[in-house]
Each structure stands twice: as C-alpha cells, then as structure tokens.
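Down below are the structures I want you to see.
One chain, chain A, appears in both complexes that follow, with chain B as partner in the first and chain C in the second.
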Partner chain A sequence: MSRWQYFVKRLLLTVPVLFAVLTFLFVMLRAGPIDPVAARLGPQAGAADRAQLRERLGLNDPLWEQYVDFITDFITFNFGQSWVVQAERDILDIAINAAPATLWLGFWAILLPLFIGIPLGFYAGLNPNTLGDYTASLGGIIWQALPNFWLCVIALAVLRRTRNGGGPFGFDWYAFGPDFASRNLSITGTPSLEWFSTTDILFLPVPYVSDWTALAIDIKLILPAAIILGSASMAAELRIGRTAMLETVNSNFVETAKAKGLPDRVIVWKHIFRNALIPLLPVITSEAFLLIGGSVIVEQIFNINGLGRIFFQALTQGDLPMAGALLFLFTLIILGLNILQDFLYTVIDPRVGYDQ
Partner chain B sequence: MPDPANGEAVESTKRRRLLGLLGGGAAVSLAGCSDQEPSDGSDGEDGEDGMDGEDGEDQGPTNADKAQAAWERAVDNPLPEDEELRQEAYIEMEEAARDDAVLIPLYHGLTELFWYDYVDVPLTGALGKHWQQLNTTTVEGKSDLNLINSTFDELDPIMSTDTASSIVITQIYENLTAFPNGVPEIENQLLEEFEVSEDGTTWTFTLRDDVQFHDGTEMTAQDVKYSWRRTVESENSERAGFTLNQPVGLGIDAETDDDGNVVPDSLAVEVIDDYTIEIQLTGPNPDVLDVIAYSSFSVIPEGYVGDIEGYDGEVTHQEFSTEVANGTGPFELDVFNVDEDVTVVRNDDYYGEVASVDAVNWEIIEDSQAAWTYALEQNADRFEMPTFAYEADAIDAEADDRGRDVGTYGPAGELEEEVNYLGLSEISTFYFAFNAANTDRAVRQAIAYVMNKEQIVEEVFAGRGTPAYSFLPPAIWPTGNDGYNDFLDDYPYSRGESDPQGAQSVLEEAGISSDNPVDITLTTYESEVFQTAGELIRDLISGTGINMSLETSQFSVLQGRGEDGDLEMYSLGWIWSWPAVPYGMFQLEPLNTRTSTMPNETNGFYLDWQTALNEEAE
Partner chain C sequence: MAADERSASAAAATDGARDDDPLIDVRNLQTAFFTDKETIRAVDGIDFSIDSGQTVGIVGESGSGKSVTARSLMGLIESPGRVLRGSSVRYRDLDAVREFARTFAKRTVAVADLAERYDPAEVFGRTDATPEEFGYADPADVPVVDVAAAGYTDEVGLTDGDECVFVLDGDAGSPESIRDGFVEITRLSGEAQRKIRGGRIAMVFQDPLTSLNPVYTVGNQIEEALELHQGLSGKAATQEAAELLEAVGIPDARRRVNEYPHQFSGGMRQRAVIAMALACEPDMLICDEPTTALDVTIQAQILDLIAEIQESRDVAVMFITHDMGVIADVSDRVNVMYAGEIVESADVEPLFADPKHPYTNGLLDSIPGGQVGDKLSTIDGNVPTPNEPATYCRFAPRCPKAFDECESVHPVPTPVDEETDDHTAACLLYPDDVSTEEAVARHRGRDRRGDRE
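Take a look at the complex of A and B:
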C-alpha cells in the first residue's frame, strides 16, 4: 500500500465517524431535555404560538424524515438560524464572522509552544539534571498547573495597572510598542484584522500587509491572551519534548552514531531530533483541541468576539442549533487534524501506518 | 368575588393574560413579566381569622376583601379627576397585603452609575439609563461619548424586551411621550398636545409638525399608525399585549380572528390629518401617556419594513434588526457589530437640542474583568462597578429630592481619581410570597417578624440594594415621598431588626409552638440573594414552632409549580416597564391570584388569596 492509498483509506475511515457524531448531535437536539420550541419561545408562550413554531421547525414530521433533513442540512453546511444568542441570524454567517478572531488567537497560541516549549524541552533533554534542566522543568510544571481563567484575570489586573508608567521600573504596557493610551484603545477587545489588502498578481488576489501599525496593534492586543491560551500546551510540549529527547539520546543508534565519529550537531539534528518528534506529533495536533476548548474562557475574559465566546453563549442560553453547528465544525477541524497527523507520521517515520 | 360594577375588569382578565404571555426569553430587564402565580388551595383558608384582632372573626371584611374592593374601586374610576381615589385604593391594597403577609417584599434593585469628571451627564431617574437620550451629555476634550453595553441582537423596537437594546433604541427612535432621563415624570416628545373624550376612551393626539426622520422625510400621523399596527400585527412583535391589554397596557380596540390574531388594519387608530391621530380604547385608561412612552410604541417611517399586510417594505426585517435604522431621534445608527460594538452618530437636523458629541460608541462587554479594565482605561466615560472592585466607604453622597444618592466616589482601589456617583433605587421589587391556601397567616406574619431586610441586603449585596417594605417601589409610591415614609413608620413587623419575640407571640396566639410545630417549604429560584435570605430566615425562625425547609428550583419550574398551586413560600421579582401603579398591582387583586385558572384566566401572583375572601369561603 502506498502512502497515498493509505491516505485515501484514512480519509474514508472518517466518514463513519462523522455520521456517528451527526447522529449523536441529532439525538441530543431532538431527544435531549431541552424542548426546541420552549427554548426558542421562552416559558410564557401561548399554545397557538407553540403549535405554529412546532410546525415551522418541522418537528411534526416523522423522525426518520427529520433525521435525513438534519444530516443533509449539516453536510451541506446549511445550519439554519440561531434561536437565542443572535436570534434569527444565519448560524454560518455568525460563525464566519467570529472565526477570524479565534484563528488569530489560535495562530499565536500555537506559535508559542512550538517555538518556546519544544526548544526548551529539547534543551532540557540534552542537558539532563543541570540547573537549566531543573529550571525549565519546574517552570513547565508550574505553567501547566496555573488555570487559564486565573491567569487571564491576573494578567488583566497587572497589565491595566501599568497604565501611565505604573508598572515596575516604570514599565507601561500601554506605551510598549504601538501606543494604546494615545489611541484610546483598550487592552481587551476583538482584533480588527484590517491590516492587509489584496493586490492582483496575474489576476489572482494576493494578500499583503498594507498597514504595519494596525498589524502591530492586533499582535499586541492578542499577545497576552495567546500566551495564556498557549501556556498549558507549551508546558506539556516542554515536558514531553524533554522525555522524548532523553529517551532518544540514550538509544543504541545514537551510540552507534557517536562510535562512527559523527559530529554532535549531525547526531542531534539528523538522528535525535527526528526521532524525538514522533511522540510529540500527537501532542501538537491535539493542541488544536485544547485551543478550541481553552479559547472559550480566554475569549470571554479578554472580551474577544470569537467562536469560543459564541459557543459559550450558545451553551449557557440553550441555543441548540448554534451549539450543535459549532460542535459539528469543531468535529470537522479535529478530524481534519487527525488525518493530517497520521499523514505527517508517514513522512517522519515511514514505518508507521501503511507498511505492514 | 364577582364584580358587578366592573364588567371591564372581568373582560380584561383575558387581555391581561396576554400580557403574561409576552415575557419572551430575553434578559430580565424591561419586561415586567417575570412572575406568575401559584396553586389552588382547595381546602379553604384557615389563617384568616384575625388573630391579631384587626378584623373580627368571620363577619367583618378580611384583608383580602379589602384588597379586592380597593382594586375594583381603582379600576372603576379611571378618569383623571379620580386620581386621588385611586391612589388611596392602591395604598389600601398594599396595606391589606402587608397585614395578611401574603407578600413580603425583600429589596428594590439599586443601580449605581459612575462617571469621570470630564463628562457632564444629566442625572438619571429611577426608570434607569435605558430611558436616557444622550444628546444633552457633553464630554470635555473628547469628540465621542464611550460607554459599555451588554449583548443584544435586535434594534427593532417591537422586538426589544431587554435593557441593552433599549439603551440604543432610545437614541435612534422616539415616542409620542417620554420620561426624560428616566425620571418618572411624563413629558411630550413627538406629541404636541392631546385631548381625551368625556368618557376617557377616545384620545386625540396632535403631533409635532417639525420632525424629520434620519433620511429627511417628514414624520406624519401615517407613520404613527403604521408603527403601532406593527406592534400587534407583525409576527416579530413581542409586545402586542402592551397595545391591546387593559389595565396593564394601552387597551386599543381591535378585532381578532378565530385564532386570536388581530385582523389586519382593525386596530382602532385613525389618521385624522397629517398631524392628528385618534385612538379608540376599550375602556378609560388613566395611564395612556405613560404606556405610549414604552419603546414598542416608537415611530418608524410608514412602510419601512414589510412585516404587516399592505406593505412590501423598503428593507428586510433582518436588515432592520441589525443593519439599518431610520428614526427621529438625536442620533443615527452608524455601525452595529453584533456582540462587538455599536456606534450612533449625531443627527444634525434633530428638532430638539442637537447633540454636543459627534457620536456615542458602546463596547459590548459581558465579562466584569474586561468591563472594569475598559472603564479604568477611561475608554468608558460612564460605567458601573463590579462588586470585586466596589468599596462602599469610598462613596460620599447625599439624597436629593427624588431620593437618589448623588455625590462622588473614590479615589479607591485601582480607581486613582475621584469620579461622580449616582445611586438610584430602581422600579423593581423582589419579594417572598405565600400561597395563602397552603399557609397559616400567623406563620406568614412570624416570618415577616424575623426577616431583617437590611441585614440581608448588606450580607448579599455588600449594601448594593434597597431594603423593601412595600410592593410598590418608593419612586412610584402613589402619595409621594411623605406618604411612603408614613407607610414605613406604620410597618408592623419590627422594621430594621429581627424580632423572634414578635414572631413567637403571633405564633402562640395561633396555638403554634415547638411542641405543636408547623412545617413550611421555601422554594427559591437560582438566586444567591434569596437562597442566603432563606438560610437566615430558617435559622432565625427555628425553635419557634416553624420548621422551614429550603429548596431551589429552576425559574421555569418554579413558575409551573406556582401555577399549579403547589408552592407554600416562594421568591420572585417584578420589574416595571413603565412607572404606572396598576402595572404591578393587578397581580395582587385577590380574584386574580386564583391559581386553578392560571395562566389562562388569571395572571396574578401565585397567592390563592381569593380563598380568604368572605364570599369564597362560604
């Protein structure tokens, strides 16, 4: 079986998973404790209104018909309208509106563990039981232990106190980089993401950065939230990176390589690094999952109008179609990432997957 | 008791019931409809034998009789010259409820507003800041006014049931009348003058002739008719009852079809000429001018939205909800990013005082940490304070003649400068109530004796609430501040302290003691205040012969059980949508508290107080 055959097979395997998820959502929506009509109309609606809405939502159709409709709608991304959170608005529109802020947050929250957590972990693994190792490991454990919501509250409290040079050594987060105070900007809020334009190159629109200041503002706005959101994954990657490194360093092929007289640099980068990545890969891809879950609370506290906050509202206000649609989208993302992960496995370690 | 003189009241039960249906699911604020009633105590009332000696055994009128008679007197005399008679009647109802202890008020909501010194904003009245137009607000050194708001998703006045949306709607759309700055004194807005017919059922409104919509077209009587028709004919309307019902609404005549829907164009609103409009009510209504100030009666241009028969609409309803607006107010809608921010810009052609700020911007923030950060950054010029940052000692304020606390706050905590402070008691009441059929009057009175409202407000809200002694909030007390103070002085259940001895003595008279105890269950909805209050009361009352058990249920479950008559003691609240006494008092009419016919024929509190009426008992 070639790599591509494996890939296609893997892709096909996700189809039943998707159906299982859809069926589960359907059961939750239709058979769960929340009556769609009551959730939409509130407790004081009259019987006539209820009957009318019941008919309009198609709840009087036979169950199998509802099931088929539901599956077709979701697969074609026709999620219908929100009930409560943004009543009567198209769910897909709402999601598309909110997605950029979450992507921007997620992008920075992934960069952080990748470029801080993994190198630190590898450093610690290469220099085990030194002061540097202890510092990095201990720091990692502490980071992981601190809950996100607490970090968010503390970060806001600390940062807003630095206004007008009120921080230690006169540090002022507002004046650091693009000046927020003089622009009347808040350190909370939704990034506007209006710093790029598109230009036509060979009739294809290509985005480019047209406003570097706006870019800097958006980065500064998102950075505290992203650091906190990425902190748990960063710590996890640091610790697993260290273990993976340690294990690989002590394996036989490294000894062989040393005996061959290879320089340290080649041993580390060519042999150790690649092998140490194998256990790290699932950690990195499952991070996406953590980010989706974690963004709920981070977006709420930093007042970022993203998918996480909308998901939170949908859940707390009983907006079933919205929560269902978002769950479906999250499922798609996770499934996609899983496929990507399996594919990357075959690149890093050709023994994995299709070879047997 | 059947009310012969009062065909109106009986007929109106059906319409009143509509009101109950209107609540909608949205946030608490504007809607009054947060409560309903309880059960049918089929076994008759036992506590009604005047053990505190006020009314003789079974011959004299009971408190319920008094309340019923007073309500009927008020409803039967709706003309303006009977104002005083109605005021007295409502106070009698209040006294009857107090003496029977069927309803024990706990607190009135308190709003506290803080604003920086560079802002000059008129003091907000008891109705709240969502009634305040911001054209008279000035900001020194900034061109815009920046505020914080909560999430909302509609700008259609007939859909709006929450405070957040009405804060913005008030800037864009206007009504015939208004309560300027939320002070509960009605004034003309788009109205020039009005006339009432002798019998009080025909009202003729003359409109201002110098008003333009934001798109430059002139406002005429046709627009008013169209807008009011939308409140009853549009499927988007959440407030049809406020147009059709009496006495808790306007009560405009209309035909309904077999399904109970209003027949298109049958609403009795007649255009006399371009600036004159006449409405026909189903009965006289003393509160017409107050009711038409409510945001669902806002005027939009005729044919703007096509959601009623005869109009195609210039914009779709979805656009009208969040994207476009065209009113007569001092500000025009600029941008509305749902869940992010809203901006309105100055209307330079406003007929009244043109705003001094270029624009008003609301950042939409739900989280209290984010909101507090935003306020400290001076990104919000006026703000409310989360309890974690609040220091009661930092307030330096005095009561003004409207009972508001006006003064300054700070510097305190993170707030490094002194800011202006306004504390105002809202027109809302949160209370404990009893199903009279299931509880003994002595028990109810004993609970009233031990309840120390000051202490509860202090413990739960850090003092951020007003202890309540009457169902009607002081801001709309029929006989004004002095009358309210007299009522307070007469409060029989040891005001401001917890009085177990008083409780003991009423219980002893009724033959209840720790050897012969009574069980009672307090059902609260999920509210920290009431749960804490319940625990305090349970602890204080233990040992006197009352064994109180506490339970918590969801709001909707509590309502359902109330309507089934399945509650003994419960907690709920009522928020006035306009400052009229009957809009609230109707729920205390004993005949309207019969739970066995709820929610269809009756819609009062869940008291089953009718079981205490002499006639019922027989």
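Take a look at the complex of A and C:
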C-alpha cells in the first residue's frame, strides 16, 4: 500500500466515525435526562401545550423516523432553533456569529505554543543537561502544572492591577501597545475582528488588513487568553520536543551523517529536525483537541462570546439542540484535525502505510 | 615501540624516504570517558599503523575498546569522552597534507621552525609529560614534532593551539614543495575535521538497519556525500549515486536510488551504506563490525564486497570485529585488543598459526566449528572496565598462565622473540627466548603511560 492509498483509506474511515458520533448524539438528546418539552415550556406549562409541542417537535413519530430526520438535518447543517440561550434564533446563525472569536482565540493558542514550546524543546534537546535545558524543562513542568482556570483568574487580577502604571516598573497593560484606557475598552471581551476588508483580484475576493490598529487591539485582547489556553500544550510540546530531539540526536543515522563529514547545521536541520517532528505531530494535533475543551472555560472567564461560551450556556441551561449542534461541530473540527495529522504524517514519514 | 626504532624512523623521515611510512600512524592513543563516578580508559595507550591498501583487523570481546578506537580516528568521540593529550594519530597521505596546507595555511606548522625554540628540558620539566610516553628514556632525545603533535603546543611555542598540519620536509608556505608531513587527526576541529571525515576516512557502521536516515531516499543520502566532497549535484549526482549502488551489487540501481531505506533488506542496506562511504573516494575505510547484524550468508557477501572494493579502489581498511573467523578471512595484519590495550599484534598467518598471548589463544579456542559434540571452550569471566591506570596485567584474573608478577608489573608490547620484530605481545612471558625473570625485568619500568588523569 502506498503512502497516498493509506491516506485515502484514513480519509474514508472518518465517515463511519461521523455516523457513530451522530448516533451517539441522537441517543443522548432523545434518551437523555432532559425532557425537551419541559425544557422549553418550563414546569408550569399546561398538558395541552405540552401535547401540542410534542407533536410539533416530532417526538410522537416512530424512533427510526426521528433518527433519519436527525441525521439528515445535521448532515445538511439544518440544526433548527435554539430553545433557551438565544430563543427562537437559528442555531447555525448563532454558531457562525460566534465562531470567528473562537477561531481567533484558537489560532493564537495554537501558534504560540508551536513557536515557543517546540523551539525551546528542541533547544533543550540539543543542549541536554545545560543551564538552558534545566531552565526550559523546569519552566515547562511548572507551566504545565498550573491549571488553566486558575491561571485565567490570576492573570486577570494581575493585569487589572497594572492600570495607571500600577504594575512592576510602572508597567501598564492598558497603555501597553494600543491604548485601551483612552479608548475606554475593557481588557476582556469579544474581539471585533473588523480589521480586514476584501478586494477583488481577478474576480476573487482576497482579504487584506485594512485597519492595523484594530488588528493590534484584537491581538492584545486575545493574547492573555491565548497564552493561558495554549500553556498546557506549550509545556507538553516543549517536553516531548526535548525527548524527541534527544532520541534522534543519539540515533545511528546521525552518527553516519557526522561520519560523512556533514556540517552540524545540515545534520540538525536536515537529519534531526524532520525525524524529531514525527513523534511531535500527534502531540500537536491532540493539543488542538484540548483547546476546544479549554476554550469553554477560558471564554467564560475572559468574557469572549465564542463557541465555547455558548456551549457552556447551552449545557447549563438545558438547550439541547444548541448543545448537540455544537458538539457535532466540535466533532467535525476534531475529525478535520485528524485528517490534517494523517496528511502531515504522510508528507513527513515515508514509512507511513508500509506493511512489512 | 622501542626507543631506537622510533629515532630510526624519525631519521628516515628527515631523509625524505617516506615510502615505508604508513598511511595512518597511531601512537599512544588514549581515549577516556569522564563520569562523576569514575574515569573509564576505554582506549589506554595503543600503537598501530595501517599502510595504504592494507587491511588491519582489530579484534576483541565486547568492551575491549575497538569501537572507541574507530571513533577516535573519526573524531566522533563526544562528551563526556575525550582523546587525551599525549595521543597522536598521524595521517600521512602526501596529497592530503598538501591540500590541508593549502586550505588551512594558518594551521600549518613547519617542524624545522619549531626545533629552533624547542627546549626538551623545559617541556618535560614544566608539564606532566614524560619522555617514556614518547618511547625515549632521555628527554633530550624526544623530537619536537612528537611533543607538538601530542598536544603540548603551548610548551613548544605554538600559541594558536589549533595547528593540525605538520610539515616535516618542505616549505609550509608553498604546499607543492612539501615532501613529507602529516595531518594530526586528534587535533582536528571544524572544517578540517569534516574534510577528513568522509572525504579521506569513511566509516561503515555496525547496524545497517538504523544507520540510514528513514525519512530520506537512499539516493538522497548518497548524493549528499557526493555534493559535499566532490561538488556534484542534480542529475550528475543522481547518476553517480546509481553507479555507486550498482558497484556495490545492488540490482536495478537506477530505480532503487529513489527508494527509502525501509524498502531495502538488511544486506542491501549495508551495501547502500558502503556505497555512501565510497561516495567520497576515501583513502581508508573503517568497518565497525559491518557484518554483526547480518545473517551468515549475507555476511559472506558483504565481506567479499569489502575485499573486492579494497582491491579495485586500493583503499586501506581498518576492520573491527569480535569474530576471529572473519578476521582470518579479511585481514593482512591483526591487532588483538583487551580492556583498552593491544595485547598482541602480528600478521594474520603467524597470529593464527602461532598465537602467543594467552588471550589470543583463548579467543582462537572459542571459535565454534571444531569437532561435532565437542564442548566449545570459553574464556571465563568478562572484560574488566578499565577504570584505573594499568599497573598490572588486565588479563591476569582470567589468564590460565598467570603468575605472581602479573599482578604488579604492567606488560608492554614486546617482540615475542629476539628474531622477530613484527610480532609483538604484551605479556610478561615474552620475549620467550629469555628466562621469565629476564622477561619480567624487561617489562618492568617500561610503562610509558603517565598516571595523570
């Protein structure tokens, strides 16, 4: 089996997974502890209203019919309307509105660990048992040991105290970079993401940055949340990166490369780097999964109106179709990341799909 | 080596007669690993040489220091290990010396210039060096070149400290005029080191399954060496890589050049590694147990291949193995190593026909394949870790012929009898044409290793 056949096989395998998830969701929603009718009408509703709603929601149809309806609705992204969180509003509409803030947060939360954690880990692995290695490794362990929700609260408390130069050395987070104090902005909140416009190049709309200040404001707004959300991944990537590097540095083919007379630069970047990335890949993508769970808490604390926060509200307020739809979207994201991981594997490692 | 021999060869060198000189001349090589607990003298003062086109075998049990010797020659010893001061490995190929003198003019030294400022009394008075470690009794006899090559550069007035090309005869400033000299391998670093590695001395490692990078094609890895040492790139390099693969007996080389290591079998991979080593047209090939990880039929094929390459390309081969049978097959000369020292050194026929050192005897007795049903004899015990200076015979605890003095006198390589000088054994029993007391007396006090680190 060639590498690309293997990749196509993995791609096809996501279809049954998707159906399994949908079925699970269906069972959860229909057989779960929450009665949809009671959830919508409240405990004081009359029996006639309840019967009417049962009929309208299709709860009296045979189960298989409900199942087929459910599957077709979800696959066509026809999630229906929210019950409680933003009652009577189209769920897809709500999700599309909330998604950009979450994507913006997720983008930075993946980028920061990627460009801080991995280089630090590789540095530590290339210089094992030096002061730099100990500093990076110890920092990584401490950083990983701090729980997200706690870090969020502490970070907010510290940042708030820097107002009007109250921080160490007169540091003022509000005035740092784009000035929040003079604009009367809170240091938490939903990024507006209104800094880009599109222009038509050859009849294709191409986005470009039209308002650099707005971009800077959005980055500053999301940075504390993103650093905290990415902190666990950063530490994990650092530690796995270090181990992967150490293991590769000591492998025989590196000695062969040295014996060939290759300069260190080529050995590190050509021979070690690509091999060290192989064990890191699943770590990076699985950390991305964690971001979805983490975003629920971080968005709540940092007051960001994103998918995570809406999911949290839907869960606590018993908004079943909303929670189900978001779960389905999260599943799609995770499956997408899995496919991306398989794709990267196929590109990096020629042994993928090779049967002995 | 005896003092008079040393001075004789030094005299020959200054006469410009260098035809007898070996390609590689290893003198008092010491490589040690420093841990918190102890210092392991993996290679503890060995001498040997390899002529152009010759195959020299190094044989011994696991842990006797064979691989460390090879890695010391390649400059592949890494922290916490290091080649100790006092060691010298001279690479004597005249082409290489001229090329290095051209490329690294600043690191080139004319020995004649050194001699003017050299004061042996000062060198041996100020440092922990002893004339004995250079094979002389009197400090005044030690030639300046030996002292400088062994790393005592400050003491002989070399301030840069990175000199690695020593010109014995000719003008250091004009490379073409050089008629004799050597590159001191233990003093190489940076680019000079990389020029020798791969370019002049190539190495084939023990485990072909892991010595190729799994994520690049075999062709890519050969082309890399071609580009580095021969300046080939693109189509020309691919073409050459395919030819090399064909030369080492890989069928359908043009297609296989684009395959990954995991698509090759073990034997094929070792052939590919050999092709890679040949890519740089080396003068010497170090084979570190190249057949140990292969099954017997493939072993024979690889040995044949190495022999064939040696003949057609006239490369010197340093062949490391623990297998006496393989050594008998491939070598011209054999060095038997035990616990970091060479205990016996001889041409292959005399060594197998008439082994002198009890350890060599033990090794030969433990070759399987005698009479069916015979119990295979073994040498009891294990190779000790050489973690203290040798002031006794390290083989004595396992030696069937050990006597009292073996515990207190360190044997040095000595001609096995008065007539032969190219068969030496480091055993108190030799030379065997004098009485044991006389032999012990000859070993006593001739230990030239210092007791410093």
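Definition applied: the second predicted complex is superposed on the first by the 349 of 356 C-alpha atoms of A that agree within 3 Å, B and C clash if a C-alpha of one lies under 4 Å from a C-alpha of the other, contacts with A are read in each partner's own complex, and residues count from 1 in each chain.
The definition used in the following text is that contacts are C-beta pairs under 8 Å (C-beta built on N, C-alpha and C of every residue); 3 or more make two chains touch, one makes a residue touch a chain.
All values derive from a computational prediction rather than experimental measurement.
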Side-by-side fit of chain B and chain C on chain A, or clash: fit
First (chain B), second (chain C), both or neither touched by A:Phe253: second
Which superposed partner A:Arg163 touches (first chain B, second chain C, both, neither): first
Which superposed partner A:Arg89 touches (first chain B, second chain C, both, neither): first
First (chain B), second (chain C), both or neither touched by A:Gly58: neither
Contacts of A:Gly189 with chain B and chain C, given as first, second, both or neither: first
Chain B, chain C and vertex chain A (Cα centres) - angle in steps of 10°: 150
Which superposed partner A:Ile310 touches (first chain B, second chain C, both, neither): first
First (chain B), second (chain C), both or neither touched by A:Gly177: neither
Contact breadth on chain A, by residue count: chain C or chain B: B
First (chain B), second (chain C), both or neither touched by A:Pro147: neither
Partner chain in contact with A:Gln300 - chain B first, chain C second, else both or neither: first
Closest Cα approach, chain C to chain B, once both complexes are overlaid on chain A (Å): 50
Residues of chain A at both interfaces, chain B in one complex, chain C in the other: none
Partner chain A, residues of chain C touching it in the complex: 74, 76, 191, 194-199, 202-203, 205, 207, 210-217, 224-225, 228-229, 260, 262-263, 273, 276, 280
Complex contacts: residues of chain A adjacent to chain C: 251-253, 255-263, 266, 270-271, 274-275, 278, 348-351, 354
In the complex with chain A, residue positions of chain B that touch it: 20-26, 33, 36, 146, 151, 153-154, 259-260, 318, 321-322, 337-340, 363-367, 369-371, 373-374, 376-377, 379, 414, 555-556, 559-560, 599
Residues of chain A touching chain B in the complex: 38-46, 48-49, 84-89, 94, 97-98, 152-153, 156-157, 160-161, 163, 174, 181, 184-190, 300-303, 305, 309-310, 313
